[in-house]
Amino acid sequence: MIEAKKIKFHFDNHDYEALTQKIGSSVWVYFQGKTYSIPATDQNLKSRHKSKSANAGVTAILSPMPGKITKVLLSAGQNAEVGQVVIVMEAMKMEYTLKSELKAKIKKVMTKVGDQVALGQILIEFESSSNKAGEKK
Amino acid sequence: MIEAKKIKFHFDNHDYEALTQKIGSSVWVYFQGKTYSIPATDQNLKSRHKSKSANAGVTAILSPMPGKITKVLLSAGQNAEVGQVVIVMEAMKMEYTLKSELKAKIKKVMTKVGDQVALGQILIEFESSSNKAGEKK
Amino acid sequence: MKKINRLAIANRGEVAVRIIKACEELGIETVLLHSEADMGSRAYRLATKKICIGGAQTNQSYLNIPANIQGALASGADAVHPGFGFLSENADFAEAVEKAGLIFVGPSANSIRLLGDKISCKQLAAKAGLPLIPGYSGKDQSLDCLISEAEKIGYPVIVKAAAGGGGRGMKLIKNSTEAKELIESAQRESLSAFGSEQVFLEKYLDRAKHIEFQIFGDSSGRVVHLFDRECSVQRRHQKIIEEAISSSLSEDLRKKMGEAAVSLATLGKYKGAGTVEFLLQDGKFYLLEVNTRLQVEHSVTEMVLGVDLVKAQILTAQGDFIFKTQDHSPRGHAIEGRVYAENPYQGGIPSTGLLGHVSFPEGPGRRFEYGFESGDQITSFYDPMIAKVIVWDESRPRAIQKMIKVLEGSVIFGVHTNIPYLIAILKHPEFINGTMTTRFIENNFAEGLKVPALAEKEKILFEKVLSAHKPSLSLQDAQGGIKTNSPWNQSWRIL
Amino acid sequence: MKKINRLAIANRGEVAVRIIKACEELGIETVLLHSEADMGSRAYRLATKKICIGGAQTNQSYLNIPANIQGALASGADAVHPGFGFLSENADFAEAVEKAGLIFVGPSANSIRLLGDKISCKQLAAKAGLPLIPGYSGKDQSLDCLISEAEKIGYPVIVKAAAGGGGRGMKLIKNSTEAKELIESAQRESLSAFGSEQVFLEKYLDRAKHIEFQIFGDSSGRVVHLFDRECSVQRRHQKIIEEAISSSLSEDLRKKMGEAAVSLATLGKYKGAGTVEFLLQDGKFYLLEVNTRLQVEHSVTEMVLGVDLVKAQILTAQGDFIFKTQDHSPRGHAIEGRVYAENPYQGGIPSTGLLGHVSFPEGPGRRFEYGFESGDQITSFYDPMIAKVIVWDESRPRAIQKMIKVLEGSVIFGVHTNIPYLIAILKHPEFINGTMTTRFIENNFAEGLKVPALAEKEKILFEKVLSAHKPSLSLQDAQGGIKTNSPWNQSWRIL
């Protein structure tokens, strides 16, 4: 692993120094008591952005964190209400419920109880034209 | 500056781990609560060794540390007695006296008061066939 | 009476490191009983020996009693320290350790059953005359029964794991519509975390302070208390900031609560380090529960009292140590902040990943306990607490000021942490005044933190940083990290 | 009464870092007044502002009064902290700071003159009825006079810098033949270190313990003591290991010595942190000297008493702090080991160079104060002390045990250090028994350390290390480093 680097810059008659390190696809920065992380793979982001725009009619619940699915409460063809719990997952010994943010019909359930899922993995696909779906409680 | 590296080895049915780093011409090693430094330039050492052997009739007082010469008590042509103070130097705010370890005539004084000298720098050259000369008090 | 020469640690993370340090100082070898996922951890690197006892899933390793016993025996250990969490309050484990001929560093299995089980503890406390919170702790654990008992108590009601602790398996039920879901959730969490799905119900006290007493029993049956801690700053019943000693107790109240704690622990024949937790509301205190183990926040007690509780545990297990309460009086003020791997700008969502640069600004009266270093992975298998930052100073205001500085000087790259959240709490007037209750977070930080606007100099820095790492990269303010559902939505770019 | 907003530090190394940390916690900005040689140092990186005040040679920078004053004024500082060593006991400097309209963090110039000058201090102490060591402290500083006075006192005699401290400008004269050389040497060192060549003579007490009392005076003239330290482990009159509190004092003696220290400091109208040093021999104590400044070993007092002496200094300088002695009583035991950049296998010869990896094993009751990090140069211009390792534990035996572990876990690459020497001292029966006198080093470690023989596994490791760094290198055991005069003499090779 490459060490963190110091970066110096000048602004408004002052010299500043920050600490920075690229880890995976993010660049981390520490400056004046605060830590920032900046995604450094805009290629990747752009392509995902485009593919989403292209399928504007489909929305989904993505996994908000890596973890284990402990409960799936609805199945394909069923309707989800706004605020209804659709998925329960566990991460770092805490349980998180994923609720639907829209009233919509489920097109596909893409996970099952016991699955280890990754951050951003699609869990539920809706048939809907809304573009908001799934939020952590 | 390159980071210290871990090094693993196996001996007598045990796995061990040490920390190591090359700094300048030395390799530093930390193992089981002890720190070692190993000169990593034997080429250099060998050549100095040889040149010394070739001039076996000349001995010298070398500076045992980097520092500043604050007093030179004898000059070329004078005789040093065993234990006689020849040079006084200062390093890290402490004074160190360099005494002659042999009874010999001084061939050349190669430093003067106020000089900043390096570790191993020749300060006094003797005319003698003895091969021990100059030791820190 | 038996000198411990090699001690097995049935735990991981920072507490495993804490135990290793204590053993090193006592000249005791350590054996880390670890899962497959923990070979890149500080405890793994520091332990004298390490034995892999199973897979990453806790039921395969850290909650697996036979695997732990087998590992301890195979390593030639003569004692087992359970740390906190996992099997630390599991009486069967304590018993299995003793049966295997090893010393269990903790109370007897009997004490754990009496005091650690929340329900039997309440029964014992009632005998000892301690004030209890109204609730239900019956044997009928059917959903119907639990829901009807909750109705009887009257909402809000808390459902808790009988074998639990640390906020896991604990849910606040505000009304009847969410009762079923939350009770089931508590049962599942309890099963996963503690291996038992028994729960109980309590009336929720809505303006209470969390005050707890450190107790310590020697092998002769004598129990003393080592003063109090306040842990009112909690989120989802999980402590975030702890202090010693509480600034909310009168000397009279401190004396009464301390005596209550000691009388209960004495009745439970308590040995070693433990904690009696209370809620304090309107000047009245109620027993909350007893934790029959070392507490995460033991460090603040150590700093104000000048004791080493982990060494005391080990020495007591050997039979050669006695705490004399009269020798101890608190001095100054200590605060602990738990550093969680989570994103404070997204409601505390867990954050996992490869750790990069990690550094803490050491100095007088500062202590850093951490389990992971640069190059280690933070996984989703275990508790999100990756470090503890502890400060001591001569007074509470000075300790708060120091803590803010120390947190600002702490750098963790690779996962998001709650450090900005901790700083915001420390700067809140209610915390500064010491008037916070267990609803402090709910009342003041329900929305989480807002991503602060970037100053011009920060934008310039980020531009420079990105071009240093890779030219022509666009920039997204990710102090809040990737937005959960739509990572591209809220980015901004330097044009 | 005036709040300090920006404080200039007329010092370097670990004490500068210590002052910066205290200021950070008090919300005070810092200005490092540094030499050209100190831009690669931790204090340089941590200070809010830095001003270069001159060349590497101390008389051009750290001993240059006008340069320091000018730097402090240019930076907009409102106070100056002198640290220890350098100008910290220079009354002219204190005066110059005050004349420039800045606050001097320390006693008044008058107090420094009265107590800091070893000769006037003895006169004051005589008035206060303190027991003094027989000696000569007259104005006639001619070599002839000093030699004849030494003869009168009777060898062994110590010659000391009147303005000195820290073992510099101090020599032990064992007989008349070495008197001239050593007196001259003391004068030169004194001039170089303190800017004055005045010396005095004292009878050498050959089985004495070094015991000192931390004193603290508030702005109202009230002086208290904060208990004692023992610093008997000295080499060339330079302290190596210090402890608080001394294990050699009866309560009666502690009371008497503490009262003597306070009465002398009160007579000197002492303000802020200072130290009254005594020698204790055969149950009788003698005034040694007063240090009118923060002491290197202040940290051990902080750890056993629960105080922050640097913050107390700054707060006292602002006029808003008062130590109340009755609030303080010592707890547990603290030990400090000074880490010197020197080669313990060659009689402590200084070691300089580029620092590589540096790490300290943090943990409860451990404190590390250091001025240099990986990538910094250790030069020959300044004091060889590059770090301090301080531990606290509940008892002296436990503190010793902890200190050994902590030193073994400390890694410094790039310069040789006295860490093996410190460990050898801590393991010596005389130290463990607490019976050591100031001649402990002379009696037990006169020869320095012997390079230990290498075990087979170490040889295998070294071979592996060398081949990893560069194939076909030969190996020389250099735990003792390059032998001074003949680096090739005592090498050994793997064949």
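For reference, chains read A, B, C and D in written order, and residue numbers begin at 1 within each chain.
Keep in mind that, in the parts below, a contact is a pair of C-beta atoms (placed from the backbone, for glycine too) under 8 Å apart; a residue touches a chain by one contact, two chains touch by 3 or more.
Because the structure is a prediction, the values reported are computed rather than measured.
Visitor: Ignoring subunit D, which chains remain connected to each other?
Guide: A, C | B
Visitor: Using the touch definition from the top, how many steps at minimum link subunit A to subunit B?
Guide: Each step joins two touching chains, and the minimum needed here is 3.
Visitor: So which chain is the furthest away from subunit D, centre to centre on CA atoms?
Guide: Farthest from subunit D by mean C-alpha position: A.
Visitor: If you average the CA atoms of subunit C and of subunit D, how far apart do the two points sit, in angstrom?
Guide: Whole-Å distance between the two chain centres: 41.
Visitor: Would you mind pulling out the distance in Å between where the CA atoms of subunit A average out and where those of subunit D do?
Guide: Taking the mean C-alpha position of each chain, the two centres sit 55 Å apart.
Visitor: Which integer distance in Å separates the CA centroid of subunit B from that of subunit D?
Guide: Distance between chain centres, rounded to whole Å: 27 Å.
Visitor: Give me the residues of subunit D that touch two or more other chains.
Guide: Where subunit D meets two or more other chains at a single residue, that happens at 409.
Visitor: In subunit B, which residues are in touch with two or more of the other chains?
Guide: 3
Visitor: Among the chains present, which pairs are found to touch?
Guide: A-C, B-D, C-D
Visitor: Tell me, which parts of subunit C touch subunit D in their complex?
Guide: Where subunit C meets subunit D, its residues are 18, 21, 24-27, 299, 302, 306-308, 311, 331-332, 360-365, 367-368, 392-394, 398, 401-402, 405.
Visitor: Enumerate the contact residues on subunit A facing subunit C in the complex.
Guide: 1, 3-5, 7, 9, 11-12, 16, 18-24, 26-31, 33-40, 42, 45, 48-49, 52, 61-62, 64-68, 70-71, 85, 88, 90-97, 116, 119-120, 132-136
Visitor: Okay, in this complex, where on subunit D does subunit B touch?
Guide: Touch residues, subunit D against subunit B: 58, 168, 181, 185, 188-189, 192-193, 236, 341, 346-347, 349-354, 356-357, 374-375, 379-384, 408-409, 411-414, 416-417, 419-420, 456-458, 460-462, 464-466, 468-470, 473-479, 481-482, 484-488, 491.
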